[in-house]
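Letters A, B, C, D, E and F mark the chains as written, and numbering starts fresh at 1 in each.
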Amino acid sequence: MPYVNIKITREGATAEQKARLIEGVTALLARELGKNPATTVVVIDEIDTDNWGIGGESVTVRRRSGR
Amino acid sequence: MPYVNIKITREGATAEQKARLIEGVTALLARELGKNPATTVVVIDEIDTDNWGIGGESVTVRRRSGR
Amino acid sequence: MPYVNIKITREGATAEQKARLIEGVTALLARELGKNPATTVVVIDEIDTDNWGIGGESVTVRRRSGR
Amino acid sequence: MPYVNIKITREGATAEQKARLIEGVTALLARELGKNPATTVVVIDEIDTDNWGIGGESVTVRRRSGR
Amino acid sequence: MPYVNIKITREGATAEQKARLIEGVTALLARELGKNPATTVVVIDEIDTDNWGIGGESVTVRRRSGR
Amino acid sequence: MPYVNIKITREGATAEQKARLIEGVTALLARELGKNPATTVVVIDEIDTDNWGIGGESVTVRRRSGR
């Protein structure tokens, strides 16, 4: 019954990669806490780099300066 | 003053349907808890089926196999 | 499969009231969007009034001044 | 290490405005709570006006009637 | 830089179990998407069973009837 | 009408400090985006250090080793 929300920057994650995140986090919760995979919900949000900030600046600006 | 976030898969909900969700959940909070509708906020997130997982697999995959 | 998060101030909602919120919002999603109640998840967060702000001040301060 | 999520309606905020939100909220957390800017994360969600409700109706409807 | 929020019912997860969730989901994001573990943030919310609903009823009620 | 959620570790923030966060972020949204303070909602979540992970380990463990 757990609910997991994963937020990442929108930088080209493929459907296959996202499927592996869903599969992996569902298995992790089953293994560590005995949670039922059938009712484990995972929602992935992909966020534009203009809308994600760290260190007081957007990821767009950080990428531009090579970080 | 409540805040409600509703996440659904992006599968064609219309503006009218979403308006009824907003109206219905606002009325529910007024009726059951006496919350003021004027300051009740509702945010609906529509999530791509690749980005929603249940049972360890994405909704895209589940739909494809007829579930 | 929807996921609903309801945030309210912690001001004495009873288990019965919260059960009616869960029941009501689950029924609303079934009625308006045809969502399966069996996999509809509802999470209610009760937030201390010191930690909820509106209009630039906390609910604690607003309650104290009779609002 | 704080995490801040800002949700606004999608009504044309520019990259520059969003950069100032990121900068401002990161500075606020450093000034008021001594939080390290380097690990402060800010995520801005821009929500379609059909998907944001207040007062029991969508922002789309409110804008249309001049509110 | 990902942000992960895991919501589970409050039913006695230990600090060690939660540490393994943090470690596991951080490693998963590094392995599948090449995300930097140093800036991966994980927040676990433990929710009272009165406040978690599935199938239109609270987990408290479901546990009581042996589900 | 914006909604802001601030998550910090539970390490003794006072009501006064939280009031200044609420005031500051509400003013920031008014100044930068012209948002109406009267309907700006801020919710602060304080998270136990066992439940907050960064760099693959909990803040409890990091604090213990002097980080």
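In this text, a contact is a pair of C-beta atoms (placed from the backbone, for glycine too) under 8 Å apart; a residue touches a chain by one contact, two chains touch by 3 or more.
For reference, the UniProt names are A, B, C, D, E, F = Tautomerase.
Quantities reported herein were computed from a predicted structural model and do not represent experimental measurements.
> Using the contact definition given at the top, which chains are in touch with both subunit C (Tautomerase) and subunit F (Tautomerase)?
B, E
> Where centres are the averaged C-alpha coordinates, which chain has the largest centre distance to subunit C (Tautomerase)?
Most distant chain from subunit C (Tautomerase): A.
> Looking at chain pairs A-E and A-C, which one is connected by more C-beta pairs in contact?
Output for the comparison: A-E.
> Specify the angle of rotation obtained when superposing subunit A (Tautomerase) on subunit F (Tautomerase) by their C-alpha atoms, rounded to a multiple of 5 degrees.
To bring subunit A (Tautomerase) onto subunit F (Tautomerase), one rotates by 180 degrees.
> Compared with subunit E (Tautomerase), which chain's mean CA position is the farthest off?
Chain D.
> If you average the CA atoms of subunit B (Tautomerase) and of subunit F (Tautomerase), how far apart do the two points sit, in angstrom?
Here the centre of subunit F (Tautomerase) sits 25 Å away from the centre of subunit B (Tautomerase).
> Subunit A (Tautomerase) to subunit B (Tautomerase): how many Å between their CA centres?
20
> Find every residue in subunit C (Tautomerase) that makes contact with two or more other chains and list them.
1, 3, 7, 21, 39, 41, 43, 45, 52, 54 - these are the residues of subunit C (Tautomerase) that touch more than one other chain.
> Based on which chains touch which, is the overall arrangement a line, ring, star, complete graph, or other?
Contact pattern: none of line, ring, star or complete.
> Chain pairs in touch?
The set of touching chain pairs is A-B, A-C, A-D, A-E, B-C, B-D, B-F, C-E, C-F, D-E, D-F, E-F.
> Going by the contact rule set out above, which residues of subunit A (Tautomerase) touch subunit E (Tautomerase) in the complex?
It comes out as residues 1-9, 13, 17, 20-21, 24-25, 28-29, 32-33, 35, 39, 52, 54, 59.
> Can you check the complex and tell me which residues of subunit A (Tautomerase) touch subunit B (Tautomerase)?
Touching subunit B (Tautomerase): residues 15, 18-19, 21-23, 26-27, 37-46 of subunit A (Tautomerase).
> Name, in rising order, each residue of subunit F (Tautomerase) that touches subunit E (Tautomerase) in their complex.
Subunit F (Tautomerase) residues touching subunit E (Tautomerase): 7, 45, 47, 50-58, 60-61.
> Using the touch rule from the top, collect the residues of subunit B (Tautomerase) that touch subunit F (Tautomerase) in their complex.
Where subunit B (Tautomerase) meets subunit F (Tautomerase), its residues are 1, 3, 39, 41, 43.
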